[in-house]
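Residue numbering begins at 1 within each chain, and the chains themselves are lettered A, B, C and D in the order written.
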Amino acid sequence: MARVVVDVMLKPEILDPQGQAVANALPRLGVNDVASVRIGRRVEIDFAGDADLERAREIADKLLANPVIEDYEIRVVEAA
Amino acid sequence: MNDITIDSVKNAEATPDELQPYLELGLKDDEYQRIRQILGRRPTQSELAMYSIMWSEHCSYKSSKVHLRQFGEKAPPSDRMLAGIGENAGVIQINEKIAVTFKVESHNHPSFVEPYQGAATGVGGIVRDILAMGARPILVMDSLRFGAADHPDTQRVLPGVVAGVGGYGNCLGLPNVGGEVFFDECYQGNPLVNALSLGVLPVDGLQRKEADGPGNIVVLMGAKTGRDGIGGVSVLASATFDDESQQRRPSVQVGDPFMEKLLIESCLELYAAKLIVGVQDLGGAGLTCALTETAASAGTGMDIQLEKVHLREASMEPHEILASESQERMLFIVEPGKLDAVLGIAQLWGVIATPIGVVTDTGRVRITFHGETVVDVPPGSLADDGPVYARPLREPADLILLQADRAETLPRPHHDFQLKDTLLKLAASPNLCDRSWVTEQYDRYVLGNTVLAQPEDSGIVRLDEETGLGVALSLDCNSRFARLDPYEGAKLALAEAYRNVAVTGAEPVAVTDCLNFGSPEDPSVMWQFAEAVRGIADGCQELGIPVTGGNVSFYNQTGAVAIHPTPVVGVLGVLENTAQRIPMGFSHTGDVLVLLGE
Amino acid sequence: MSKIGVVTFPGSLDDGDAARAARISGAEVVRLWHADPDLHGVDAVVLPGGFSYGDYLRCGAIARFAPVMETIADAARGGMPVLGICNGFQILCEAHLLPGALTRNQHLHFRNRDQWLRVENSSTAWTNHFTEGQEILIPVKNGEGCYVADRRTLDELEAGGQIVARYIRGNPNGSSRDIAAIRNEAGNVLGIMPHPEHAVEALTGPSLDGLGFFSSVLKHLADAKAAA
Amino acid sequence: MARVVVDVMLKPEILDPQGQAVANALPRLGVNDVASVRIGRRVEIDFAGDADLERAREIADKLLANPVIEDYEIRVVEAA
């Protein structure tokens, strides 16, 4: 079993209301030194056999990320 | 994990003196002794789990049963009622062809722990009850109570609950046509989330839960079974019980409304094609309840092979599988010749369906796990013959003081600026302010039959496009009244819901209720409960409409302090033609205002 | 009689309502199934609202791969009128039949309200019965209805008359430039976030304005037949 | 500027309908060697000054994750 992680984040120029909501809530927790928060998706793909980065990239391109608004990064990690 | 030996019936017979954690599972000494008597031996782990679940307050109604009987005894005769208390939900005939089924249920505690999922799975659960009667669910309503509006915990719980009710109902495509939101400090540590659903079915399409016909196949359909909601039963893994094993056992369930939507469509196809003998939803008590209730109500037995259940985690043990509260599952009884057709419909909708056993004429539910018998019980002993308590009742000591503190003693406004202040205060108070922050998060348009929804006093939904036939529903309670006088308070809740339905032009025909109270072991709570039930039963008798079903939720308290008694009452009305409904608000300038009553 | 197809994906919710609206408008309705690539001779297609496949990843992301979508994409490129409502709009964007994307409402909540729109373009297959500048009242209900695209795309939409309707008297989801509906260049494919199918009967809707979309496409189809 | 990343995932035993939906869609993309997909949130917190792991942990505990159903991991990364 091998795991590939795809991190999908909104492009920097796209507004991230969820991240902003968290950032806005921080002062209430007494946190004032955070400049910004952004929230994206972390997708863990477990392959039955070897980690297949090519395949994972294909999945990310077609399904996991919408290139109009999102960027992604992809990497193999050790499965837990 | 693999070195755990399964506690089989054989093993239980060989080790009669093994200590069992029945107290931790909430069973009393005499209850445990009765189980040993019924079985003629000590229960296995799996059996103990099953009894502890089925004999819990939640499943057995052991404290409320003696009071709830009044609903049947005092009920006026109704030729509309096709199914009543004891079924998954009451069924009311609307005309020669159409019936509806409706019920309100609580999901209070889970909604405090994980507001979004707690509320979401509350909606999912009541919808499956409706589905199990043979009906297509067509609407939801929700009655919500929180602590003080400005308390930080309310700010955590309320948005999550509202998003959860909306998230699940919207994704199922069920319009939300009404409900309540109230704030009171008594709910600070114990918010109330009561959800109602209503469904429509053909009069001859009523489904039964009986597992009739020895030789018929038992089929489990829907989501895979995981370790959801089996926190309590985890003490059974005592051999390996440590922090880590407890961690594995979440007591919160996560809902999958998409799966439920597929389940609804598959079930309705099965019903329409007359492919099943019996059906039961899997609710709080999971497989345990579904297997024993279907067998007990038919007077049959079952042989179940538990390893056939599709699991989310392969390492699950038999008692965990039996206790799992995984959502979005249904159980069917199917004739062997129709099995392929049933599995075909499941496949069409992309839902897993698995034969897990057969109906027998043994009068015993026997469950094996990889060949070892782990359960061998008479199902009626779990489903019907649980303990029943007539608990002590005592009027709360502070009631006299509360009642003495009357509104007449409050200072009256004497100047117009004081009146203005009072008015502004009222308008701004969380209990009276605009509800659209909540209601805008709910889809009220889907299905295209919503005739009235917020901000109206009751929701109205059309059932038949040609004739305009429809139903009206209202869900109400004022728990401050109920605290002052639970008998009159419950009657007032009923009267309010009744009026809300009647003013639309609908004829009120039936009642459902969700009775939210503190601990039944506290005599003053039990007194409040008894009074409230008496109030609803008497009120229904006077109004001439029956209670068709509902739900009791006890143990709503923080420490020793109970919530206000909160008997939420839902009234169903019928409108021959929804086009004739009377909305609230003034229609035309020049209309005459008339005040009825004192 | 013109045939309007209404697609049902697993998780579609407003498919029955779209079918009802088409029927009330005088169309013959054909129900299409996500797994069946055949369009069964329909003249136009509606992708209805709902939560296709639960909308768990991104709304519309999975529905885009349904067998029926390939046929619809080809037909749309060939000029067949296609209307995507709410989830249908999301699917059209995911399938790149319309530019841009629909993201989480800026206030992060699902929002259901009766919404005023201004029709900005009546040269599409689905809006020719409206007059430009006409104000209509249609229910909106979505959690991810905030339309986004890069500035160039937005400017192009603007310049090309591809913005078909805008929210007025309040933007319910933070949509860029108050966009409620857009069309493709050819004008046969329309994506709209509010729900015209919920404004077709006086008893159940806030107006009858939704009927205009369906009568428009029927006129469009009749004109095309007359011209042929 | 310093960035802390918090990866919030549902606990392994908790149902993940999102991941399941993606896993079920993969065969249609011609992908058959994926055993499972799980989807969580990736939260990027940018601190105005130094990365403050303690602070980030507090934010995660109170705001980003519900410990009843979610686990999280936290680490400092180089800001992009």
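As a convention for this text, a contact is a pair of C-beta atoms (placed from the backbone, for glycine too) under 8 Å apart; a residue touches a chain by one contact, two chains touch by 3 or more.
Note that this is a predicted model, so its numbers are computed, not measured.
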Pair joined by the larger number of C-beta contacts - A-C, B-C: B-C
Centroid spacing, where centroids are CA-atom means, of subunit A and subunit D in whole angstrom: 8
Chain centre separation (subunit A, subunit C; CA means) in Å: 30
Subunit B and subunit C: spacing of chain centres that average the CA atoms, whole Å: 38
Multi-chain contact residues (two or more partners), subunit B: 256, 258-259, 350
Where subunit C touches two or more other chains at once, by residue number: 53-54, 56-57, 62, 65
Two or more partner chains touched - positions in subunit D: 12, 17, 20-22, 24-25, 29, 39
Chain-to-chain touches, reported pairwise for every pair that qualifies: A-C, A-D, B-C, B-D, C-D
Subunit D-facing residues of subunit B, complex: 113-114, 117, 223, 226-228, 247-256, 258-259, 312-313, 326-327, 350
Of subunit A, residues touching subunit D in the complex: 1, 7-9, 19, 22, 25-26, 29, 31, 33-49, 52, 55, 58-59, 62-64, 80
Subunit B - residues contacting subunit C, complex: 163, 166-167, 170-173, 256-259, 261-262, 349-350, 436, 439-451, 462, 465, 468, 578-579
Sites on subunit C touched by subunit B in the complex: 10-11, 13-14, 16-17, 20, 49-51, 53-56, 109-113, 139, 141, 143, 195, 197-198, 201, 203-205
Subunit C contact footprint on subunit A (complex, rising order): 10, 13-15, 17-18, 21, 62-64, 66, 68-69
